[in-house]
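Got a structure for you, questions after.
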Amino acid sequence: MPGNIYGERFVVVSFGESHGKGVGTVVDGVPAGLALSESDIQPDLDLRRPGQSIVTTQRKEGDVVEIMSGVFNGRTTGAPVMMMIRNLDVDSRSYEAMVNTPRPSHADLTHKTKYGGFNDYRGSGRASARVTAGFVMAGALAKKLLKETLGIEIIAYTLELGGLRADGFTVDDARKNRYSNDVRSPDPELAERMKQMVIKCRGEGDSLGGIVECVALNLPVGLGEPVFNSLDSDLAQMALSIPAVKGVEFGSGFASAKLKGSENNDQYYVDKKGRITAETNNSGGIIGGVSSGMPLVYRLAFKPPASIAKKQKTVDLSKKKQVEMVVPGRHDPVVVPRAVPIVECCTAIVLADHAIRAGFISPVLGGKST
Amino acid sequence: MPGNIYGERFVVVSFGESHGKGVGTVVDGVPAGLALSESDIQPDLDLRRPGQSIVTTQRKEGDVVEIMSGVFNGRTTGAPVMMMIRNLDVDSRSYEAMVNTPRPSHADLTHKTKYGGFNDYRGSGRASARVTAGFVMAGALAKKLLKETLGIEIIAYTLELGGLRADGFTVDDARKNRYSNDVRSPDPELAERMKQMVIKCRGEGDSLGGIVECVALNLPVGLGEPVFNSLDSDLAQMALSIPAVKGVEFGSGFASAKLKGSENNDQYYVDKKGRITAETNNSGGIIGGVSSGMPLVYRLAFKPPASIAKKQKTVDLSKKKQVEMVVPGRHDPVVVPRAVPIVECCTAIVLADHAIRAGFISPVLGGKST
Amino acid sequence: MPGNIYGERFVVVSFGESHGKGVGTVVDGVPAGLALSESDIQPDLDLRRPGQSIVTTQRKEGDVVEIMSGVFNGRTTGAPVMMMIRNLDVDSRSYEAMVNTPRPSHADLTHKTKYGGFNDYRGSGRASARVTAGFVMAGALAKKLLKETLGIEIIAYTLELGGLRADGFTVDDARKNRYSNDVRSPDPELAERMKQMVIKCRGEGDSLGGIVECVALNLPVGLGEPVFNSLDSDLAQMALSIPAVKGVEFGSGFASAKLKGSENNDQYYVDKKGRITAETNNSGGIIGGVSSGMPLVYRLAFKPPASIAKKQKTVDLSKKKQVEMVVPGRHDPVVVPRAVPIVECCTAIVLADHAIRAGFISPVLGGKST
Amino acid sequence: MPGNIYGERFVVVSFGESHGKGVGTVVDGVPAGLALSESDIQPDLDLRRPGQSIVTTQRKEGDVVEIMSGVFNGRTTGAPVMMMIRNLDVDSRSYEAMVNTPRPSHADLTHKTKYGGFNDYRGSGRASARVTAGFVMAGALAKKLLKETLGIEIIAYTLELGGLRADGFTVDDARKNRYSNDVRSPDPELAERMKQMVIKCRGEGDSLGGIVECVALNLPVGLGEPVFNSLDSDLAQMALSIPAVKGVEFGSGFASAKLKGSENNDQYYVDKKGRITAETNNSGGIIGGVSSGMPLVYRLAFKPPASIAKKQKTVDLSKKKQVEMVVPGRHDPVVVPRAVPIVECCTAIVLADHAIRAGFISPVLGGKST
């Protein structure tokens, strides 16, 4: 596959550019019989939509999704589901000026080289975070599928932003609070401090990084393959497909490198309901590549957005000499808040794919008699 | 694909179990015309072989590779290359005792559940690190292919072990020193301290984690696809397929989450040879999913091995009650040293796949006239 | 992959239903730099469009293609190309009546069973020949790519219709005549007789089958893989994906079963230009799964359309008893003429995929300097 | 995938060459819990083994299969099953003489060109029918899987050989008789005439073609995808991967091109057991790409083997001039009898893949309690 298609049984095709006609997805492998309409998709799209608050880019897009195929009488048919949004608030003027001055740490130069200069560089084209709108459409579908068939719930939130890190919160806090504040924090008080930090940073023409943590509850034991398509492998692959992600870790993650086996191992006991459970979850819910039944817990590190208003050095390609530039256009001072629903949706895509692969979701839901 | 096949154009099939007849690989997509014999594969296998030193398991295996297909007159033919080693020093006695007492943080319970109890649990079966011998065979082939066609060099080493972290070394140090000491450190002095720490830990019946860093030099610009098969996506997927890896990060990685854009961005200049270069490499050699021409730099976090000699709690599955156990068998007190050649080989597999995908390596090398 | 995605390097995603909002395709893997606009796609769509002549269905569709992504400044960018047409002349009234009476030799019953009754049965849904409009969009792109890079030309035509078979014509005749008559015959005189036969058959409420032959010229030696993805394997797979195709044969095909080796073998000589050529082409341009440089020649057998106006027997599913029915709706009395451009386009898809796989077309065409 | 890997969920990897060390397969995606040993595989291998009778090549091979992985305690584990045979009776002397004189209608010239002369040409290398031994190993496993889970039975036989065609026989005749005669005919009397024809033809230094028909019984409704991976598409792809196959047709096949819809349609009725059944089976058991529950019926046309003892014309590549040659070596005067078990096995591979895809076979058979 050339690189815009993800998955084995729940397959997500991505298309569209930031400043083209629109952005969308085709999802192949959706089981038949799932109740589905635009109203199942739109809320997640709204959560990632630009221009929502002071902590995001000021580009205004309605991002109204249209389902073009694969649904009949309000239910999925088993055929590919195509969904798309149109681009409306496109302002490409500033990009012509940058054709010869690649923005530092942006894909401008690598993509120009890879595609021989034919790439659509307006608004970063395929490298734009706008492409993730397609991930969200597919992921919103996946979330509904997982919820209705297996009761799986996926909760992501801003764990860290600009060095401020949430602590002492529960999953319930996260479930309740994350979408009630602009920065998607599980902790409303911390959220306000994070927001002020973003405002200050934006004022300085700079940007901030952060960490998104994602928890998935009610996974059955057995999602993931032991070797190349382990559940963590595939989640990591998807995670690094989200723009600006520079790292991913599961359970105790990088911290486990400093632990001893006796500290890191998750020892078993029988819980009150008679289930075999682990006393800790340093494994992050995945052992030997396969979901353990404990909550899936993983974290994604987002770098600060490369587009900043400060003066930076680049090279004028036409003159082959270093020049100074200030990146024009409208940008996010931090991507983490908008990334939270994206991470939930991307997680759902991977879980849906593995749930179908492992036979936990059948090709026809419910099913009418013939 | 069911989960034991990796790649698009340089495809690695994994087969074999820890205590079965052997372990091997089929590599499909190898360009024709590469000089290849067992002597190209054996050195890497020797580097990962168990029983080499005091810091590894005492299982003794010759691990002598045999190339079974795809090579004729000393060169690859374009047909699948099958390679395998036999298992010789198999001692499965201890595993029967553990059938009903899954080892903490081992795949025993997840795989037993997933496969309905039919999995080969001896020596952890498919979950064993022994399966990585197949990765090494395929990767040694990939390394040679990359070296001969593009001059790519891959250097991994132990960055951190048991909390001790190498610092102030160069890639040249790593190239020269890593395989001259038992722990695969770029720093011989630190290596000795790490070794003593492993010996002490083994004596306590415990195990240690660590971090492997991998650098790849001379990559052309343009490896990797912008969206789902970005170079970092695919390297991350492969990384998490190595047993015991719990995290992966590229360039500034998790540290970038605490940086500002003005600190993290890699600004461009024209170097003395007229090449456009970045002043820093926080991107780790990948921007927008595509190799930038700067060195690829990424790190893998390895948890401490789950098999320890200390008493641990688990559940007796037949009685559904908690019991104490001591894991028997021969194990590595730390996997990091043996993981170093594995990481190099796995990196080579991913790079070879992308180099072929992007057209940097042609289906026939050199080529005789017809 | 779930079944609506074709190819390895030139990948065609199909979506849409006969009576839904529209039909389209996403093509991933298109090399960057190909000049492309709707005017490159529309002519082939016009050739397969319904309602063109007396020999086709009377459904009237404009079938005006819109390219939604992957093209910038008039050239492909290397990103996925999404193309679609809207459905306008939809009349679904007749299909409700048939929900419980599956049409003989139609997909009604098999798809209803497979999808638990959730499938979109209007106009046959995904089983409709309308889905092939997406194949044509992708194939028109592939044809242009093949023509511009390798000079490949693809010529399909009606070899046989209703038992009347063309004979004594040349490829030049086919090139010149096939789209000048309603039945797509290389022979204008025969075309008229075929047309009268179709008119007569339509008048009788019946339908006709036929054979399409396809020739591709200027193929390089080396397209196709020796074993599972042989060029004939992949062409056959694609051929059987076209609705109503019941057989495919290459070169001497089924006739070769009655020949001796001494009669069927294609013996070599050196032609006037010094090229090694075969005296005959019973191989149909493919030997050992790989293109030989001789013209590719293959034939597809199309059954007569299952939708006929004659009274037929079926089963009322709600009553589980046999009933008589007359299939309502607007249908083609023969699909062969409309299949001719479809076969050309489908052939182009397979050849483009293999040309990229084998390295004959590079990821960037021409290429601007960076 | 590069071309030696088939399938989506039941995946067959092919490796090995005619005159290399051996030939084999890795099957990934085999459900756990299937009782399996070499004795399940060997009978099918014996049926295709060379040197069995006067109608086949005189190369003598034991073809004793060894299962190397994926089986534990007599049952499949869910891990990849690697199986192989060694080549013993290799006589490569004659092939050196042919390096510069490609055999007519053999892969010699196309493969030499494709692989730049690096291909293993001994015994035709990867183009040899010996490669199908790997298909048979994988297919024998698939046959057992289909039989035990769904009761599917696959029966292939020689329908036509050298122009002699079986007629007036039943599936029961075929089941009973096909492996009781050397030519694999359902009709013992015809078998003798076919055998005499082969003997005569061999004596003349020539070869014969033929047609294999394959029937599969007890398929559930719903195998196959509606568009690109229709059941007929995938069967056709596999069929054309068998050496010497030049055509494939389903049900009424090419004959349907001459029929009217009213003649070709399969009309429904309710049978005595209350099942909806078709009065005829011109569809060959597949409608709209999906199995209908009627018997699968398809036919494969085999050309006469290209290796004949008669003098033929070829080109001396070193001198670029036409020369005469007589193909040396040991060859089959007709491949059809040995192809019969191959066709059964290849059919089983495709059906197993689709049965798993469609959820008819679960990842764990039976299953022990955890």
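Letters are used for the chains, namely A, B, C and D, taken in the order the chains are written, and counting of residues starts over at 1 for each.
Please note the rule applied: a residue touches a chain if its C-beta (ideal position, glycine included) is under 8 Å from a C-beta of that chain, and two chains touch if they have at least 3 such contacts.
Keep in mind the model is a prediction, meaning the values are calculated, not measured.
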Chain at maximum distance from subunit B, centres defined as averaged CA atoms: C
Pair with more cross-chain C-beta pairs in contact, given A-C and B-C: A-C
Geometric centre distance via CA averages, subunit D-subunit C, whole Å: 27
For subunit A paired with subunit C, centre-to-centre distance based on mean C-alpha positions, whole Å: 38
Intercentroid distance (Cα basis), subunit C paired with subunit B, Å: 45
Two or more partner chains touched - positions in subunit B: 1-5, 8, 14, 79, 109, 113-114, 126, 226, 317, 358, 363
Interfacial residue positions of subunit B with respect to subunit C in the complex: 8, 79, 226, 358-359, 362-363
Interfacial residue positions of subunit B with respect to subunit A in the complex: 1-6, 8, 12, 14, 102, 104-107, 109-111, 113-114, 124, 126-127, 131, 160, 162-163, 201, 206-211, 221-222, 225-230, 232-241, 243, 246-254, 256-270, 274, 276, 278-279, 282-284, 287-292, 301-308, 310, 312-315, 317, 320-322, 358
Sites on subunit C touched by subunit A in the complex: 1-5, 8-11, 13-17, 20-24, 26, 28-29, 32-33, 68-70, 72, 75-82, 84, 109, 112-120, 122, 125-126, 317, 363-370
